[in-house]
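Please go over the structures that come below.
Below are two complexes that have chain A in common, paired first with chain B and then with chain C.
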Partner chain A sequence: MSANRWLATGNFFTTYREENRIFQTHIDRLVFCAFLASVFVWPLFISVSNKYMLVIDNILVAIVAILGLNLVTGFAGLISIGHAAFVGVGAYTIASFSQVLGDSHVLITHYWPLMLLAAGGMGAVFGAIVGLPAFRLKHLYLAMATLSFQMIFQWVINFMTFFNQGQTIFVGRVFWLTGKVGRRDHYLFWYYVILAIIVIFGFGIRNLLRTKHGRCLAAVRDNDRAADAMGMHPGFTKVYAFALAGFLAGVAGGLHAYLYRGVGFESFTLTQSISQLAMAIVGGLGTLIGSFFGPIFIILLDLQVEQLANLAANFLPSAGNLATALRPLSFGLVIVLFLMYEPRGIANWWRILRSYLKLWPFRY
Partner chain B sequence: MATLIVKDVTLTFGGLNALSNLNMEIKPGLIVSVIGPNGAGKTSLLNCISGFYHPTSGKITYGDKDLTHASPHQVTNLGIARAFQNIELFSGLSVIDNLMLARHTKLNYNLLQAAVYFGKAAREEAKNRAFVEDVIDFMELEPYRKRMVGNLAYGVQKRVEVARALTLAPQLLLLDEPMAGMNIEEKEDMVRFIMDIRQERGISVVLVEHDLGVVMDISDEIFVLDFGVLIGSGTPEEVAANPKIIEAYIGEE
Partner chain C sequence: MSYFFQLVISGIVVGSIYALSGLGFVLIYKSSRVLNIAHGQIIAAGAFITYALTVWAGIPIYISFLLSLVITFFLAMSVERVFLRRLIGEPIISVIMVTIGLMSIIDGLIYLTPFGSENFSFPEFLPKTPLTVGGVSISWTQLVGVIITAILIAGFSWFFKKSTVGISMRAVSDDQLASMSVGISIPRVFGLAWATAGLSAAAAGTIIGNITGLNFDTLHAFGITVFPVVILGGLDSIFGAVVAGIIMGLIQQFASGYLDGNWGLNGTADVLPYIILLVILLFKPHGLFGTHEIERV
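Our next item is the complex of A and B:
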C-alpha cells in the first residue's frame, strides 16, 4: 500500500513514528529546506551594509532569547519578567572571562563556542535558582520573584567594580578557520553563527515538544495538580522550565556580547525584559513559530517608527520631542491591539494561512 | 495486587474533623464504593489516599508501602491512579497528549535523547503510543484523538479523565464521581466501562458516587461515611438494611 506522501490528501500513516514526524508531507519538508537554504545563501548575492546586518543579527539574537522565554512563559505558563537579566547573565559570563583573562585571551577568541556554552550553562544555573520559588509560588507572585531577580541583577552590575559598574567591558574579536574575523565580515560571520545556532535549537526544541520533556511543560501550565497525579514533580518541572529558558537566554547573551564586542548593562534592563515579553506575546505564546515572528515584528516595527519619527522631526522641528515619544507609544499600542484582537499572536495568522493554503484553490 | 489499608485516619482543618478515626480495608480485585451525603468526607478520603492531603493522624498503607506522607507523584508511581471530580485535564492539549502525559514516568529517555529525538526517544514514543491507543480503543475515544480537550463535551471530558487514569497502568483506580452531571445514557456507558476496567484489565476500583442505584448495582463492597465518620460498611444488601445508614440518608422518623 503506497501512501501519497506529497500532499495532505491520501497521506495516511501506518506507524506511530510516521505520525510523529515534524514534516507531514514531502512538500512541507521541501518548502522548509528551500527556505533554510535561502536564508543561508542570500548574503552571497545581496550585500547589505553593516548597519542593516546588525539589525538582522539583533533579530536573530532576540529569536534565541525568545525561544527560551516562550518555553517558560508560553509553554510552562510561568510569567518571567526578568528574561533580559538571564540574557545579561550570559553576556556577563563572557564579560567576566574578559575581565579576568583579558579581552583577547585565546579562550575568548578561539574557543568561543565553548564560551557560548558556558554562558548558556550559567544562564541555566541562574534560571534554576530563580525558578526555585516556583515550588511554592504561582502566577503573579512568581512573576514578582522573576522581577526581583531583574532588579537584583541590575543593582549588582551597577555597583560592582568587577563588572565595571555597568560600563562597557570589551570582548575581543574571534578567530575562525579563515583567521581573525575582521571588521568587514564581523556581522556577516555572526549572522551565520547565530543562524546555525537557531537551526540547532529550533529543531532541539521542536523535538523536546513532541517528547515527555516538552509535554510536561504544558502539563504544569494547564493543571499542576493533575500534573502531580501524572507522576511528575510539578516543582521540579517548573525549575527545569526556568533552567531551559535560562540556558537559551544565556546563549543569547553570549551571542550579544560577541556581536557587540562588548557588554554594557543598558542592554539588559527591565525595559528589555518587558519588550521581550511583548515579542513573545505578539509572536504567539505557546507556539514555536511565534518565537520567530515576534522578534522580527517588534524589532522591524521599532526601526520603522524610529525612521518615521526622524522624518517627522525634520519637517516639524518643534514636534521633535513628540516624535521620540512615538516609539514607546507605538510599542504599547501594538501590544494592546494584539491582546485585544489577536491574543494568540502572529502564529495564529500563520496557522490560518496554512490551513487556507492546504485547501487552496477550494474554500473548504 | 495489594490491599489498601486506612488505619485510624483523622484529617483536621482548623477545628473541623473532615475525617475522624477512619478504618477501612480495600481488598484487591473488587469494586469498592464510598458513599455518603454531601460533605461526608469522601473526596477528602480520596485526597488522603492519593497524596494531595496528608492525614493529621493515622496511617495509610498500600501493600507494604506507607502512603501517609507520600506526594501525589509518589502515590501514582506505586500504581494508584486517580480521576478527579472536577475535570482536571490539560485543557490546552489534545486527547493524545493528555494520555501520553500519563505515560510520563514510563517513557525512558533523557533530555539529550529527547532533543535529538531520533533513536531511543522515537522508539519509546511509538511504544507508549501503542499503549495509549489501546486505552483509547478501550474507552471508545477514537473520534476525539486529535481534538483539543478543552473543546470537548463534558461527558467526553469525563471519559478522557478516566482514560488518563487508566493510561497510568494502575493496580488501583480511584474514581471521584465519574458520573456526576451525566445523562442516563452516558451513565450506562460509564458503568460498563467501570465494570470492564475491573474484568478485562484486572484493576481494582474505588468509586465515590452519589447515584445510589449505580452504587448498589455494581459494588462488591460499600463504605458509608457521614460527617467524616464511617457509619457502616458491607455488601450492598447489608448496607441497604443498616438502620444507621438509612437514618443518615433519609433522616429520623
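Our next item is the complex of A and C:
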C-alpha cells in the first residue's frame, strides 16, 4: 500500500519501482498534461506575428539541440565544444540533398520526416567518429577532439564549392496532408512539428535515463573505474553518448534548415557552440528540465542584448559593432557567473520552487 | 631547393612562436590540470596592449614590450584570482567551462575596442631590407622574433630547472599533497602559473603581431592552433610543446607551400593541425613527449 498518490508531502518510496516513476504524484501528471495541452492549443486562440513565432521556433530548435548537448556534457560528463558543428552536419545533410536533387525535389518536400531522420543519422555517425578517441582517453582530451571537429567542419564548409562555400543553400517548402505549407503558416506549422519532436525526444530521454543504457552514462561520468568493474564498457559508453548527442543535434540541424528554408555557414560557428554550452550550463547540466530552461533564458537574453545594443547605438553613433561585442560578453558572463554562484543552473531554482510548493503552507 | 629552405625558415619562425604560446598553455595544465581554453584570447590581449602602449601612448617599442609583459603577467594573475581561485576543489569540468566563459568575455571586451574590427600594424623599427643568405631570405622582424622567442624559452627552462619558485611549481604538478606538506602554497603556485602563462602569451602575441600585423581574427585562429600543438607535444611536457610547436609551424608552411593550389585545395594550413590533432588522439593520445598514464577507460 503506497502513500497518498495525490498529494505527497515527501518521499515515501517503499520500492525501487516507485522511485523510478516519471510522475511522483497524480497532481504532477495532471499539471504536466494540462501544460502540454496548453502548449499545443494556445496558437488557436492567440495569433502571433511571424516575427515572434520565429523566436519561439528558434527556442524550440535550440531545445532539441541542447537535449543532445546535455546528454553528452551533463549526463556523460564529456565537454563538447563543437556541438554547433554537429547541428551543422544535420543541416548540411539536407543541404546536400538539395544541392544534388534540386531544392524542391519530392524527397525534400514530401518525405521531410525521412530527411530529418537522415540528418539525425548523419549527426550520429559524425558524433561517433569524433567520440572514437574515448576508447583510449579520459574526458579532457575529448573536448579537444570536439573543438578540432568544429574547426574542420568550418573549413570544409567554407572551402568546398559543393557546399556553396558557406553561402546560403536553399531548401524548398514542405508539403503536409493539406498541401503545400504557405508563407503565412510556415512558422506555425514548424512550431507544431518541433513541439511534437520535443515531446517524443523528451519522453525518450526521460525513459532512457531510467534504463541501464541511460544510467551507464551517469555511472561512467561519476566513476569510470567503478563503472568498468560493474561490467560497463566506459569507452563504448562515451562513444554511444556522443552518437546520441550527434543524433539529436542532427535532427535539430535538419529542423533549422527547414525552418529557415536554407542553410548558411554562420549558424554553425564556434561562437554558436559556446552559446549552446552556455544554454546547457544555465539550464542546469545533468538535468532534463534544464535543457528547456537554458535555451529559453539565453535566447531571450540574446534578444534583450540586441535591443540594448540598438538603443545604445542611438546615443553612441560610433559604437557600430556594439552588438557583436555585447553578445559574447553577456554569454561569457552568464557562463562564468552561473558556474560560480549556481553551478546547478536554473533547474535548481525549479527544484527549490517545487519542493516549496509541495510543502506549502508548511515548512521545515 | 631554395623554395624548400624558405619554407623551412618561415616554418621555424612561426613554429617558435607556437612553441612559446604552447609553453604557457602547458604550464597551466601541468600545475592545475586545467585546459585553458582562453589562452588564445590572452595572446591577442597581450598583442593589443603592446600596440596600444607603443602607438597610442608613444612609448618606444622595447619598453612597451616589457611593460605589456608585466601588465599581462598581473592580468592573468588576477584572472586566476577572481575567477578560478574560488573553483579550486570543484570538478575539473566546471573549471574548464569557466575558461570557456572567460574566452567569451575577453572576446567581447576586445570587440568593444577598435581592435575587434580594424587592422593595425606595428610601426617599422627594424631595417626593411630582408637578410638574404644563398637565395633564402628572412626579414629582420622574423629574425628578431625568433631570437627573442629562443631567449624566452631558454629563460623559462632555466626558471623551471633552477629557481626555487620554478621547482615548487614542478613539485605541485607532481604531487599536490606532498608539496603542501613541505610548505608550498598551492594557490600561490596556481596564480604564478597563470601569470607566467600570461607573460609568455603576451610575448608570443606581440611577436606574431609584429610579423603578420594585428588582426583579431588571425590572432584568434593562431590562439586555437595552440591546442593541436600542445596535444602533439603531449599536454604536460614543456619540451614537447617546444618541439611540437616547431613541427606544427613546418607542417603549416609546407602545406600552404606545396598543397595549396594543387588538386583544388586551398587554405590547408588552417585545417591540417586539427586533422593531425584528431589522428594523434586516436593513435598516440599522449603526444610525443607526454606522460603515459597507464589507464585505459
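As a convention for this text, the second predicted complex is superposed on the first by the 340 of 364 C-alpha atoms of A that agree within 3 Å, B and C clash if a C-alpha of one lies under 4 Å from a C-alpha of the other, contacts with A are read in each partner's own complex, and residues count from 1 in each chain.
Basically, contacts are C-beta pairs under 8 Å (C-beta built on N, C-alpha and C of every residue); 3 or more make two chains touch, one makes a residue touch a chain.
Quantities reported herein were computed from a predicted structural model and do not represent experimental measurements.
In the superposed model, A:V336 makes contact with chain C only, not with chain B. Between chain B and chain C, it is C that contacts the larger number of residues in chain A. Contacts of A:R354 after superposition: neither chain B nor chain C is touched. Judged by the touch definition given at the top, the superposed model places A:P133 against chain C, while chain B stays out of reach. In the superposition on chain A, A:G231 makes contact with chain B only, while chain C stays out of contact range. Contacts of A:R327 after superposition on the shared chain: chain C is touched, whereas chain B is not.
Applying the stated contact rule after C-alpha superposition, one finds that A:I79 touches chain C and leaves chain B untouched. Once the two complexes are laid over each other on the shared chain, residue contacts for A:H26 go to neither chain B nor chain C.
When both complexes are overlaid on chain A, the residue A:H110 reaches neither chain B nor chain C. Chain A residues 225, 228 lie at the interface with chain B in one structure and with chain C in the other.
Partner chain A is touched in their complex by these residues of chain C: 33, 35, 37, 83, 86-87, 90, 92-94, 96-98, 100-109, 111-112, 116-117, 224, 227-228, 231, 235, 266-267, 270-271, 273-275, 277-278, 281-282, 285, 295-297. Of all residues in chain A, only 73, 77, 79, 81, 130, 132-133, 135-141, 143-145, 147-149, 151-152, 155-156, 158-159, 224-225, 228, 234-235, 274, 277-278, 281, 320-322, 324-336, 339-340, 343 touch chain C in the complex they form. If you check the complex, the residues on chain B that touch chain A are 50-52, 71-73, 76-77, 81-82, 84, 88-93, 97, 100-105, 107, 109, 111, 114-117, 121-122, 125-126, 129-130, 133, 164, 168. Taken together, the chain A residues at the contact with chain B in this complex read 15-17, 19-20, 204-205, 207-208, 210-216, 218-219, 221-223, 225-233, 286.
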